[in-house]
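I'd like to ask you about the structure that follows.
Naming follows writing order (A, B, C, D, E and F), and every chain is counted from residue 1.
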């Protein structure tokens, strides 16, 4: 086997030329689908992700309804052709786990008590995957929730930090993910720094872990700006939406 | 495709139809705006995203090597799947493919397989041992009617930009050749009117549906009648004649 | 590979000796099962098919009930041993599609509005398959529906036309189906010529298609006579059936 | 086998049973008329249709070559499935095999496997590599009780006319030899009466069921007790003795 | 292949040293789980089995409820690692059949009429399997039912008898089961000798069968003593249980 | 893990938590009594039964030979499954693994896989062809909270007594070497209190859960946040610091 190229060069540049604390390019567009109550399309590096939101609507099946608040249910799904080896359609164990942790993250911000017996259904479709699809999906879904006018404390933003060649690196790309020594996806409520998703695998010292959390949180705040821009653009051009929904969104954004 | 439509909308569409008119002011044989983005997904061997009015589908092709069917030892294998993901419509539930998705996948599959759109013998690697498996996945993103045509256009579009990844198996990548361009044109009957390219509302009100695929030589290559109404002999004739005309126009858009 | 025998000889005789517009032998017997509300056994060439009907009965599950009319639900199934390579028991994609198009065909003739919230359940079991099992199954099911006393506009009849060695051939046999250039199953209401099932694959010119439809429709009218004979025989010998059911059937048959 | 029976019928059967009598006037140890049509399905390697009173089952055998089980490298493999298709009874729903179908298939399977009805070593092609797989499918067409015996007779009957299709694998077809004829006789206990060959009504009222298989030497080769009642030691003895007598008679019908 | 050791030596000693009518060692402990309403742990030779009981509790799904009495539902399950070749988790056909016959056996003794619309749910987990797990599981479950305070006529006890080298042997071990000529699991209500489970495969003469039944029944009475000891121990040391439950158990045990 | 808890219990726990106290009088960072029985199941290649307070789990390891994953041709394969069998809790229903079971299995799996607990390269037999498949099954017997830690301890414990059964494949059995001992410590947040090793009641009331695995060098090797609440940066720090301390103590118990 030939020697693999190091993940960091002598100047601490990464194989795709990024600095260790540099995000891949991110683009977000809100309101891209017609049937869904809210939607967003996101490109993050080579990731292409669609998110759609339906609800609050009557929860099905009925025995799952919570008489005191809304359920927040996410379904994260990868298209069969989104990865280099075709993925069998339908949920697998990985996507079930990701759906669960994303559902839990959004349960924190949605004002669930306002909508008892309903569900807020979030659908994330990964159309093309590089690395970091759960962060990308969650970040897109957050915009879709706002686009749907779902009352929330704030948007949620997600970004991972990893470790490669002994250094912490923000937002690992595919090869960094495969060959790195750690991966830590995190999601945060930017205004309050409430951590609502946190997973980690690999090896990090206590000090590294703290630094990695800080790197992810700071990056989330950068991405937050892109999310809000997408929502502003959406409501600047649209006139079809009922006024009260716009106000809800504006209010949320001004509040920060 | 399942679902209920408000009585008011139903009556409105029927009333218009009795005068040969449509709710969106289209002519009876007029398609909605069609936009095909080829090579939308880099992780796929071929792909096309189709916007047909507000209907939005993404078709991707993945290829791998495997065993041929015993009765066609020197031919590649086509496997078509459709996912009516719940993102696309409040009526699509997650779960195993239902009869609508199965019918859709099978009609698109036959439209390619039976018409020799692609010469499947060129996808043979070692007769009886190893052939290319071609996975065609229909991913419905936004559902506003006429999935048969949108998916069929997407499948053809994806085939035109498919590169067989032979280099993964010590060969040389080569472009798939599309031999024929059968174009699927779907019409519905509402009362005594025939409308091409039904919108979702029209589909839900329609008595009967007829999909006709016609190739560049004017041959009919596939038909599929749906819904619980009937067609007369003359109506079938008329649907086919109109499909032939429209097909020539759309074929150029797909080749485009 | 040795040369295959042509499907038509110099006198346009087919490999089984039939003329191009000749049906395989058909036998139908009504009322062959005890538990079902109506039933029929049909032999069509080497096809052996049983059909049973239950209903109108309360539709299950409840959320599928239509408050305005009966559901007509068909389950087409092939016995594992009905084909030369054993078929795995249970529904596959092919049988789901066939069940759907047959359900739609019968939805047209059953007076569904008379039985809201119920379902009329049609079960077709292919015990031995040659070619044309969907036509055979539908034709048998039609007799079973009448045997069950389900009010209908008329019987439905089905027959395919194919193309072999460049000629249209009625009711293709197995080898003609495998090696032919087109296959077009059609189902019709004989009295009105309402076309309620229509599928096609292969290559047909517009002229051929019209001729093929005519051939199928004419054949259906021949088969209709056999269906009615079977029903007459059934009610000639039976005395157990309640009088009103017999009347319903008689009326329907006289009406044509 | 699941299902409810009107209280009136239940009481009637119980009252008769207390006098040792049956609703259809049979003697307690009398079977309903038995008719076996062998080789009913040409597409199967062996088949038999069994009419036992109004119960109607079709058993088919398909054979293929495949790998032996690791612990029996020189024996063919028997795979038995039962389909309680919804045609046969208003109580049978479609879906994956339920416990009744599974018990039925397993009891019939053991009745053949454990008694060496067929010498499975004769179905070995290459020890450890390739053996014959024998798929035995029980297809229930009309259900009026006592499926255990009807299916068991059908399985034996189908075995007696099975031709191993070795010519498909460059060998020579040969007839399967049946070495033993274990005959299954089922009795039910209603109150203190024991009845052979229960009808559906009797099955639904019965306290306990006991199936006994006896071979041509008078050996007991299988037993299966069912339902929530019990048998005394003496009752088991009596059931077996009566089964031995009846079995000899039925064995001749099956061989016939 | 080398000659296999005979299953019985010249002194009729078995390969594990037992006499032909000797049980493997049995240990039972009642009340071993916290969440379940009743439980028992049993070691029987190398078998290790846990049984738990929940109920009477509302039966789910509702349409399965019996308005006149409780359902007794058993789920027999083998842990993946309980056998030498790993078992796929979840129910297979064998475990479905065993669950069914055990459910039926307990249906006889539970006073089901006292708890309409409920279910008594019995869970049997085989943690380590040698041979005779259904007898071991049933025997453990019986103690768990008593521990849960479910009103019953009596405990149920189960033990198999087999045949090896032409001799009847009580409670066959693994190798005796694999190489023996017959296996007959039986379950009995010890006080009344009501036989509630009876299965058999192999070859037994009528005389052998009667002798085998007697051997199993006598062994069940031995095991019954061990069951009651386990329950006595449980209630001697426990003070948490409500008084009335204790009385129920005591009464049952004294009654014999 | 799903389920409802009486309002009274909920309030009680909350009230205690606001004073940093627990219903069972434990200190916030106190674990329940931990007992590990290694080699509990002889049929497994390795096993451990873990009692953590009233939580009781059995972890078993089975090994077999098979193909490696294409991207790790020289490494053994780990397959982890969790069964929340209905014995363990009235809330666990039978059926396919739900999201809780999947998350549990995946977190335990990553805890072993990503931390190189076992050197998977030592489980390679023939690179690219044949490796050891290690099936790790988590069998939950009694559920009183904190399955993540109990199963994780059980997995480590089972690994320490695993013997690779190479003699079954003409090799020599060898003991698996455990290279690292990452210990999983789970804490929950209730109000502003942080409690280690939550009981079931505490889990049901908790706002957020954080599982941290720490190895013998003090490195964090895995984290998983759960539930719909959030953690602050400082809380995460504190949870980790407490986990490090507790982990060292428990590591010795597991090794023991």
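Quick notes
Assume contacts are C-beta pairs under 8 Å (C-beta built on N, C-alpha and C of every residue); 3 or more make two chains touch, one makes a residue touch a chain.
All of these numbers come straight from a predicted model, not from anything done at the bench.
Each step here moves to a touching chain, and the least such steps from subunit B to subunit E number 3.
By the document's definition of touch, subunit B and subunit C have no common neighbour.
Touch-path distance (fewest steps) from subunit C to subunit F is 3. When you average the Cα atoms of each chain and compare centres, the chain farthest from subunit F turns out to be C. Taking the mean of the C-alpha atoms as each chain's centre, subunit C and subunit E sit 53 Å apart. Put simply, the C-alpha centre of subunit E and that of subunit F have 32 angstrom between them. If you average the CA atoms of subunit A and of subunit F, the two centres end up 27 Å from each other. Across the assembly, subunit E contributes no residue that touches 2 or more other chains. The touch graph of the protein chains shown is a ring with every node of degree two. Annotation: chains form a contact ring; the order from subunit B, going to subunit C first, is B, C, D, E, F, A.
Those residues of subunit B lying in contact with subunit C across their complex are 97, 99, 102-103, 105-106, 110, 114-115, 210, 215, 218-233, 236-237, 240-241, 244. Residues 72, 93-94, 96-97, 99-101, 104, 107-108, 184, 189, 193-206, 209-210, 213-214, 217 of subunit C are the ones touching subunit B in the complex.
Residues of subunit D touching subunit C in their complex: 40-45, 47, 54, 56, 58, 60-62, 64, 81, 83, 85-90, 94, 96, 135, 137, 139, 141-144.
Interface of subunit A with subunit B (complex): residues 33-36, 46, 48, 50, 52, 54, 57, 75, 77, 79-86, 89-91, 121, 123, 125, 127-129.
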